[in-house]
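Chains: A, B, C and D, in written order; residue numbering restarts at 1 for each.
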Amino acid sequence: MKAAIYRGTEDIVIQDVPMPEAPAGGMLVKVHGCAVCGSDVRTYFFGNSMITPPWIIGHETAGEIIENNSGNGMQVGQRITVGTAIPCGHCRQCYLGHYTMCENMTAHGFEFPGGYAEYMAIEPYAIQQGVLNCIPEHVNSDEACLTEPLACVLNGQEILNVGLGDRVLVIGTGAIGCMHIQVAHARGAAMVLALELDDRRLAVAKEFADHIANPAKEDPKEFVDRWTKDLGGVNVVIVACGVAKAQMLALELASPRGRICNFGGLPKTDPMSTINANLIHYKELSIFGSFSSNPRQNQQALSLIASGAVNVKPLISKSLPLDLLESAILEMKRGESMKIVIHP
Amino acid sequence: MKAAIYRGTEDIVIQDVPMPEAPAGGMLVKVHGCAVCGSDVRTYFFGNSMITPPWIIGHETAGEIIENNSGNGMQVGQRITVGTAIPCGHCRQCYLGHYTMCENMTAHGFEFPGGYAEYMAIEPYAIQQGVLNCIPEHVNSDEACLTEPLACVLNGQEILNVGLGDRVLVIGTGAIGCMHIQVAHARGAAMVLALELDDRRLAVAKEFADHIANPAKEDPKEFVDRWTKDLGGVNVVIVACGVAKAQMLALELASPRGRICNFGGLPKTDPMSTINANLIHYKELSIFGSFSSNPRQNQQALSLIASGAVNVKPLISKSLPLDLLESAILEMKRGESMKIVIHP
Amino acid sequence: MKAAIYRGTEDIVIQDVPMPEAPAGGMLVKVHGCAVCGSDVRTYFFGNSMITPPWIIGHETAGEIIENNSGNGMQVGQRITVGTAIPCGHCRQCYLGHYTMCENMTAHGFEFPGGYAEYMAIEPYAIQQGVLNCIPEHVNSDEACLTEPLACVLNGQEILNVGLGDRVLVIGTGAIGCMHIQVAHARGAAMVLALELDDRRLAVAKEFADHIANPAKEDPKEFVDRWTKDLGGVNVVIVACGVAKAQMLALELASPRGRICNFGGLPKTDPMSTINANLIHYKELSIFGSFSSNPRQNQQALSLIASGAVNVKPLISKSLPLDLLESAILEMKRGESMKIVIHP
Amino acid sequence: MKAAIYRGTEDIVIQDVPMPEAPAGGMLVKVHGCAVCGSDVRTYFFGNSMITPPWIIGHETAGEIIENNSGNGMQVGQRITVGTAIPCGHCRQCYLGHYTMCENMTAHGFEFPGGYAEYMAIEPYAIQQGVLNCIPEHVNSDEACLTEPLACVLNGQEILNVGLGDRVLVIGTGAIGCMHIQVAHARGAAMVLALELDDRRLAVAKEFADHIANPAKEDPKEFVDRWTKDLGGVNVVIVACGVAKAQMLALELASPRGRICNFGGLPKTDPMSTINANLIHYKELSIFGSFSSNPRQNQQALSLIASGAVNVKPLISKSLPLDLLESAILEMKRGESMKIVIHP
């Protein structure tokens, strides 16, 4: 079969590799699509400690069952999403419900091969841990590829406990930010504002947010005050970009007792963030990290796409064949596309 | 009566001022003691936006009722603690239970005169809002002065939700750190570790903590690992000093999903803290600010002192007469004393 | 002015009484409407320990400011809702955030006169505690009368912590049940089912719920299974009627770890409920009582009506003049109307 | 080896059965002790739907490793506790953190053979799921047998969220109630009261509780008021007996917003409990079921025994040889002993 082999930083080749076999108790899946994630871009440029090249990466995958030896009841031909993170369910962190911090974590695209290939073998362990979800008929495979990033968004908002009446500010409206806006509404936020530097993305966010602004053109503090002063300010801020300045801005804009999510990682090469710590102290702010998602959140993410509560269609800029994976990565890097789905 | 008048930065005079009268519906209290707080030291050197000199400051006060016009049932001669922060109980933040962030906050030593004086008039409003607590007979007035800082500690640990089985690290063992250690035990922490640079204070902390270390002499990471590796690391870190480096250390030492409290403010002149934000993101840490306390926490603090659950005696370095307030502030500044109680 | 005077059980007269005056620091309000509450019906038939006749009752009130001595900035002519419960904000329960259990609770229609009269005097205390809310222009006064019961619904769902993905069953779809359905959706419930004995009310609920059934005609267990078996059953059940059998049914229908709200009180004359306690124990269910609401919830309720998140119009069966208050109560009692608004 | 075979209600025989073998990847354990649980008594008299006779029951087990094929690092000769409930870690309930409600639950003494036998084979699955814990040297095996019931107690108090300052009432001071008292203290309760009908058990409880009373001799309401009126009443009530009347009493004694745990199941033959439901509604009480425990709680339970935070020694009435299992069950039934440990 054809597969994209990640051989190291800035080095991906499309190659013919032996077709994987359905493991005893496992499955063989034909990949319909695998969306390019920001972390793929980072891995491409900087490597990833959890990936040893050569390797098939890609972890936002939807496909179709070709062979099923697992006895889990799913039919050949059934379309499914393949979850990324596979927590063990019985380590210290799992027993605390902290599945994303599993001490025995494995993942598709990391320890197990990923989705930038024509076929994927699914191990019985992954099936047992519940990372596969059936795609309803009315959801197309491209949309289904966004299940995993949406699950991460759900993880972030669970940690933040976004709820009825919250005034939420999302900083950065890439695909992730646009999903955050929608999930905040689904959880009952009274108002969702968005800040974004790129006017094309701002135009997309406008569909979802109550009010939007470009912080390069309009003072963010005035923007936030205009819409939320009477409501007590923004009490939730989600930093949906990997930018230290935005993390600092979040502290300034949050109301007293505001909750902030550092949803994006900073560049590995410069992870330092300089913040006014007294804003945390005197306003009793809380800052939460959020990383990855668990199988339950993947299931819920697909349900939200299916019910229409989250509309991911406008976030998919295009689809490209496997051969163009590298240029898709570069395009993502340049911020030209929000989400690109690779069709192997 | 004699009172210490704060006239501006580095300027306090002891003066005779007119004796205050018990307001209609209020009280007159003879001050037994008022402990020097780190924020008094900051106000002395840098001023405080909420204090307009000349003013009687001091807010960790215990005294005795001389006259009571409030009809609240407390007897003349009763010893009481006078709470600092007086939340309104009906603003947006109060109705959310965020009493420390009250939009109409007033406080003794700020809008109302403080405890560095022979007598204090207590307004009916303060009485109504429940900031006075009766001191049990077996608790002396000096100990009772620590009710307010202990209440702040309780506020921090409520926000952190310290509980059964937590492994807690306290960085900085001044009076505040030593109270944090004890409260963590009272809330069921399985282990409490402490780091402190000053060996004299470390010796005091040794009475309370399970294990202690001086980070100048021993690698903090090794220290923490030695005692908690088998238990999953420290999942709670309390930064009980106003030092940016300690805030950064907290991120490094906390286990995945660890909860961190920035309990101390950084110096007004340099409130910037440079942190590795990726530790928050990838370890899904949470950081909580904590500032001040509410009347309920003051009541609970005094109960914990009374029950012996928190022993504040070893934290009181000495008591000094009102005339020596300025030198007490300087002594605190130099870190020579943990807590000094002023006896006006 | 004309007022309805409750003189004791089954005895209300419409009388001319002296016009109240705007208190110093208070307000005079012309009542536009006051909705009849189930508790008015109970008071009419059985009395209420907190009401000493003769008294003006009625507590779901909207009106217009005629005179304002409070300096709170509201204009004469401004339409407002008058909150019922007035918590003190500083007792033990208030400082725990349990405002509905305030130890010094007072309320309009109880300690203060209610809304079944042409005019109401508003005390400065009520204004200070924040129980008045401005009605936006596009919300009519009849709708605004439902602010208070909707606030109670919000209180119930806050206690239940209804959230994203919950499968909620509402038993009883009077005005209260219909608001519960809508609030559950606003908080992100994945599915909301409703059971109701009266087919006319079921027809109203159909507008709001995902699926409905009449338990007299269809087995409730089969109904719930049909729609939620694949989703893990109903994990939230709200008993929105004062019927012991429905409380027992809730225990049977809730999934393991399900959360149940006893939203309705049982008749004073027979408050006993016989339940299979082992369902609670073995399924680790939780049951929550919910009673009344706080000023913050009243403010949020009016916002939800204003934003359209909750549509109360279909719940208002009719409006009647003050003279017909007694017949309105009887009509409510017979279950013929959902909500009747009295126009004094 | 010698084993007790449960053949049906009121029918246990001590028999020689084939020695079990250590499974591939599993272990063979020599049983040191297995404590008799109230549910063993119920199974003896009424059967248990999850147990198909003939079967070796018993699930509060401590023993010693004889053979270890698992590679988990535990040494032959190591003493361990064998957890009862084995959750799967990946079903819907597990992924919500509701491990006690696992949809694929298995357990020692139920699906897997129990501890009333000289030896137990431990399946690799049980080992992987983390149900074995090493017993520290200074803890004897009899004490270690109480790990599992103590874990259940921890589960109950986690669900109740017992914490600093709570006033806790425990109804029933068998072994379970006495552990509840101690755990409430460990979690920071300000006061723990206990009610018990049997004066011998009351004498044991006196060691642990702040105040005790026999409700047959003293009015429970007066008792509770005497000690907690000034503190706001008891805000947590744990019903540590399987008695409907005690469940009703809990509702009466709990303060407004009180939290109640139905820790004991009622007799299968009469599980109905008649309660005044209006107490729940008007006092906004919450009632929580609690059933069984998870592996994390088992680990924590053994730690609490080891640290001395919970002293189980006074709760062990005696130990008896396997031959006397049936008479031990009868003795438990008659309430003559608190805990009996069987030594096979």
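Please note the rule applied: a contact is a pair of C-beta atoms (placed from the backbone, for glycine too) under 8 Å apart; a residue touches a chain by one contact, two chains touch by 3 or more.
Here the structure is a predicted model, which is why all the values come from computation and not from measurement.
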Inset, instruction - Give the pair among A-B, A-C or A-D whose set of contact pairs overlaps with that of B-D by over half, matching residues by number. - result: A-C
Legend entry - Pair joined by more contacting C-beta pairs (C-D or B-C): C-D
Legend entry - Rounded Å distance, chain C centre to chain D centre (Cα mean): 42
Inset, instruction - Could you tell me the distance, in whole angstrom, between the mean C-alpha positions of chain B and chain C? - result: 42
Legend entry - Where chain B touches two or more other chains at once, by residue number: 92, 96
Legend entry - Of chain C, residues touching chain D in the complex: 92-93, 96, 98, 100-101, 159, 232, 244, 247, 256-257, 262-266, 268, 271-291
Legend entry - Sites on chain D touched by chain A in the complex: 88-92, 94-97, 99, 128-130, 294-296
Legend entry - For the chain A and chain C complex, residues of the former touching the latter: 154, 157-158, 163-165, 183, 186-188, 190, 300, 303, 307
